[in-house]
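See the structures that follow.
Each of the two complexes below includes subunit A, the first together with subunit B, the second together with subunit C.
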Partner chain A sequence: MKQFSLLSRRAAALFLTPAGLLVAVFVLLPFFWVIVVSFTNRTLLGVTAVHPDFVGLQNYIRLFNPSTFFTRGQFGSSLIITTQFVLLSALIGQALLGLLLAWLMQAIPPALKRAVEAAVIGAWILPEVVIGFAWFAFLDYDNGTLNMILTALGLPRGDFLLQQPFWVIVIFNTWRGAAFSMMLFNSAFSSIPPSYFQAADVAGASSFQKFRDIALPLIRGHVVTDLILITMWTFNVFTPFLLTHGGPAYRTELLSIYNYRVAFKDFEFGQGSAVGVIIMLINLVLALIYLSIGRRRSKAEREAAAS
Partner chain B sequence: MKLTTPQFLSRVGFSAFAAILGALFALPLIWFIFAPFNARAEMGLALPDPFTFSNFETVFGNSLAIHALLNSLIEGVGAVIVVGIAATLAAYALSRSSIPGKGAVTYILLLFSSVVSGSAAMVPIFLIVSALGLIDTQVAVILVFAGGLLPTAMFILRDFIDGIPKSYEESAMVAGASPVQAFFDVALPVIRPGIVVVVVWAFVNVWGGFLIPFILLRSSEQMPASVAIYSFYSEAGTPIVTLLAAYSLIYSLPVIALYLFVSWRFGFRFFGGIKA
Partner chain C sequence: MASVEFRSVTKSFGSFTAVDHVDLSIGDGEFVCLLGPSGCGKTTSLRMIAGLETPSSGQILIGGDDVTGLHPKDRQISMVFQDYALYPHMNIADNIAYPLKVRGESQEKRHARAQEVAGVLKIGDLLSRLPSQISGGQQQRTSLARALVYPSRVYLFDEPLSNLDAKLRLEARGFLNHLQRDMGMTAIYVTHDQAEAMALATRIAVMDRGRIVQYAPPIEIYRRPATTFVANFVGNPPMNLVPVTARAEGDSVRLSADGVTLAPLPLSAGLKAALAAGPTLTLGVRPEHLSVTEEADNSIGGKLFANENMGPESLVTMERPDASRVTARIFTDDHVEVGETVRFGFAPEHVTLFDGAGTRIPRDGEAGL
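For the complex of A and B:
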């Protein structure tokens, strides 16, 4: 069949113009501009704000300077904190908790299911500043909810934002983001034909056996999608800033917060841009993996449909 | 179906486990439910004593607080209009025209939109907005959000339009409608549910967004609720908790309402897939 188009090319170009302009100026241009600025000593204030000099790779050399790389508050330390944060809060915390919640949801009464979902999804949809204050109150040393519970249980209370700030943001981000994984796995599980599980029931399989031998192999594609998406989001997240401001003593300074401090607290735009370029490079690798998996899957689906 | 004893026990075990997890998720939010109605609210958890609505009166009597909510509304509605119109037009063109490289355009847009995050591009976004002379304006916040949200919005809408048979518009054009008429009178009403989802998603993102207005806005008159909330501190530097708690609740209501609306109208899985 000849491809008949409803819209002439000229009309299509016109339709694409507003979106094209906005995306060009606020998505494509920043991508290239951040690379350009990262090779200069541009600052927010002073002479170099108006007339920045080209400094070559100096900003990158400073970031990767081996003598300060692992020092707290420096780039390498922030990179390590971010990697641990992504591993623990997204790949382990959100994904496993989401998987567990989704599996439990398959077997509990609808009323309980709705209540649990409300709590998990509430953590996810409320605005980040509200969540920030709620957690601030939750962790309050004197009368916060957590310390009240610990006291009631006869356990020592703690000033967790000062004593264990890194674990606070890990648990915080797990709590905040588990809803997405739960919903994704929920819809994955409900796409499995019930007859598979009924057959296993007849054979006397336990819930864990059904999970391991039937459900998990069938949702492997969803697991990969979930892991990449939550990695990308967690890697770029700025929300922990609202809880800790990157402190105390830079112990929760994720790359996004480090970038903010260098650029908007120290006013070093060139240096900040170099950090931005590295964040984008890592994003690029993650996005390419994600898109190539998506493409391979849709190609496989097309071939399956054609055969 | 009758359950055997072990099956029944595992059911009970599952329910108990799920209930415990749900309770753990709810714990950090309990304060947020009690404190707005507590006349003596502090950071500690306490039952409202005395129970009151006076905290809300304080919010409505605070001109900065109300002004900030209004700014959030301007930014949200502004971005929604820009994203709604631009994404619909572009998605329709990508779906219904024969311009070359349509697939590549969508692919590249998705790639860039996930690479250029706010955390990575805060410096160039700030520089571009200053070069345009738009620092400390609502327009800047609206345009930056719109640019960032557009690729995903276009992708969702394009998928949606691809699923609508072309015969709708074709029959209108056989009956003598121009392509533009076919778009406005025939296609647009059919696409509307897709636009509603995109618009709600965009609004929730802008309404809750912190980093972009935090960087681009300077003066307190311009600040949306997400940034202005940090100015509710006493002269001693301690947060005015009664005001903060009530304000947080008011500020959260539109998000909760929109969420309930979308999950009632479309089922929440749809909404779930497109957040962030």
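For the complex of A and C:
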């Protein structure tokens, strides 16, 4: 097949150069630099700041040291917290809540639908710092909105950020990200011809049967895309730092926050780079899983279309 | 099977009235076609029987039970959709058996029944395919099979053949006709294709702007169109309508228009009533009742405008002095050339007259309308 292009090769190269330079300097170079640093004992201060030594895999071995792996504030503990955080707030929280909201919104009057959408999307488009402090104000022990509501209802006050920090960030991230899943599923549902559901109505299907037998199988591709995207976003999210600073006692120290602490609070650049490289590898695996599922799907579609 | 009844049903969407105080009674085992141009309210009417739309006012009865507010799933009806609404992720067997699945039937029972129905519809060897892997005609039959797989009181069809090509449409039409008679099903069928309605229906309800203009057996609709709208909608090509001026002369009436010569007609009671409202009437005559003639009596004259050869017969259209057109269906052997001056003759008994408001004027001795 003949390829048609809008621009000549030379013009295309010219237009790509500025972006290419930016990507090279701010993405590719740091990428390889981090890998290099992760094999050294570079720090901010001291002798190793100027003359870092090559230490081989020592940084990595230290991360996976079995005797401290599961200790609070260490890499393994942080990995477990992150995994739980992803499962609860992304897969169960955001995806499930988003799916539920999107399905319920198919049935409600358009005016109400727009109002709910606006509210949910509001949580999504606000700047991170703003919502971080909004939640901080909401959950504050002495003057927080939540405790005021609880008091007004005659219920006991709670110091949620200290007592249930993990659940706070799970609920926070669910609230924050459900809008994306909802919008994605919403558009997926509205791409299904209405006659599919009407035929099911006439055939006698209940609302749950329509959801299980028709809606869900038809948006499977969207579900996979959504799960992978929110998994990766949640895996790398840093915003909970604004609420809990990883604490108390490292109980909400996600990998991104752990990485930040090692590299920019303890100033162990070599160690921090090693954590960064591992996070990168985990993301790479997730991305590969996503791509392979996507490829398998499009292959199945091609075969269905070909026969 | 059951009867269906509309009692003064109205459906409005905002300020638009899609169905306007419709009364309609469909007997058990009847095949009724709702016929009309797009936007006439036929599909909305059908969807109200299905329960996919709720009437703004009025009642709908199925088998004598008021179902106006009932959910579609509680109405014991079947429906075939224009786009077939087959589920792309299910194979043909699962598509056909889906209504049984939601009723909690076992897998074996479902597949046995799907096999049986698919066999009747001659798609039995396609059961393991996906809808995207079969032809349009096969998809149409799959959606029909899904409607037939469970017991229903009423079968609803929303332009089910409009996505098929001409040849398949004829075949499917014949099949549906046979099936309906065989099963004695009560069928309500929406179409804008008058030939389909004529071929299938035991009665046709012709709709225009939310109202039923005429509800009668096909032959009655064809022979005695209630209004100029029906006359203009039914027949291919439709009835020729020529405005004429009438003048009573004693016991007879003389009709005149440019290029039209017509022997005086006896002054019937119907004509008398129509003339009381004004002298302008509409003369209707079907293309198949016209022939090329040399005689001046009972004929329409004009210049030949087009000659379309359809094989054994031709459609010839003349342009009258006032630029209106009249079409005749004639044998191809009757030579006429475009541009020639011609006359189309007709027998007086084939003339239908409409009054100034477009309502047909009954003949003497005919049951009053």
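Methods note: the second predicted complex is superposed on the first by the 279 of 307 C-alpha atoms of A that agree within 3 Å, B and C clash if a C-alpha of one lies under 4 Å from a C-alpha of the other, contacts with A are read in each partner's own complex, and residues count from 1 in each chain.
Following the convention adopted for this analysis, contacts are C-beta pairs under 8 Å (C-beta built on N, C-alpha and C of every residue); 3 or more make two chains touch, one makes a residue touch a chain.
Small disclaimer: the values here were computed from a predicted structure and weren't measured.
Chemist: For A:W233 in the superposed arrangement: first (subunit B), second (subunit C), both or neither?
Modeler: Touch status of A:W233: first partner only.
Chemist: Have a look and say if subunit B or subunit C is in touch with more residues of subunit A.
Modeler: Partner with more touched residues of subunit A: B.
Chemist: Report for A:A203: first if it touches subunit B alone, second if subunit C alone, otherwise both or neither.
Modeler: Second partner only, subunit C.
Chemist: In the superposed arrangement, which partner chain does A:F211 touch: subunit B (first), subunit C (second), both, or neither?
Modeler: neither
Chemist: In the superposed arrangement, does A:F31 touch subunit B (first), subunit C (second), both or neither?
Modeler: Touch status of A:F31: first partner only.
Chemist: Would you check which partner chain A:F166 touches, where first means subunit B only, second means subunit C only, and both and neither mean what they say?
Modeler: The answer is neither, since A:F166 touches no partner chain.
Chemist: For A:F69, is the partner it touches subunit B (first), subunit C (second), both, or none of the two (neither)?
Modeler: After superposing on A, A:F69 lies clear of both subunit B and subunit C.
Chemist: Which partner does A:S195 reach: the first (subunit B), the second (subunit C), both, or neither?
Modeler: After superposition on chain A, A:S195 lies in contact with subunit C alone.
Chemist: Once the two structures are fitted together, what part of subunit A is touched by subunit B and by subunit C alike?
Modeler: Shared contact residues on subunit A: 206.
Chemist: For subunit A, which residues are in contact with subunit B within the complex?
Modeler: Residues 3-9, 11-13, 15-16, 18-20, 22-23, 25-31, 33-34, 37, 97, 100-101, 104-105, 107-109, 112-113, 115-116, 119-131, 133-138, 140, 142-146, 148-149, 175, 178-180, 183-184, 186-187, 206-207, 232-233, 236-239, 242, 255-256, 259-260, 263-264, 269, 272-273, 276-277, 279-280, 283-284, 286-288, 290-291 of subunit A touch subunit B in their complex.
Chemist: Give the list of subunit C residues in touch with subunit A in this complex.
Modeler: Those residues of subunit C that touch subunit A are 50-52, 71-73, 75, 77-79, 81-83, 85, 87-89, 98-99, 101-103, 130, 132-133, 143, 146, 150, 156.
Chemist: Any idea which subunit B residues touch subunit A in the complex?
Modeler: So the residues of subunit B in touch with subunit A come to 10-11, 14-15, 17-19, 21-23, 25-32, 35, 42-46, 82, 85-87, 89-90, 92-94, 96-99, 107, 109-128, 143-144, 146-148, 150-151, 154, 166, 169-170, 173, 179-180, 182-183, 204, 207-208, 210-211, 215, 225-226, 229-230, 239, 241, 244-245, 248, 251-252, 255-256, 259, 268-269, 272-273, 275-276.
Chemist: Where on subunit A is subunit C touching in the complex?
Modeler: The touching residues are 193, 195-196, 198-206, 209, 213-214, 217-218, 304-305, 307.
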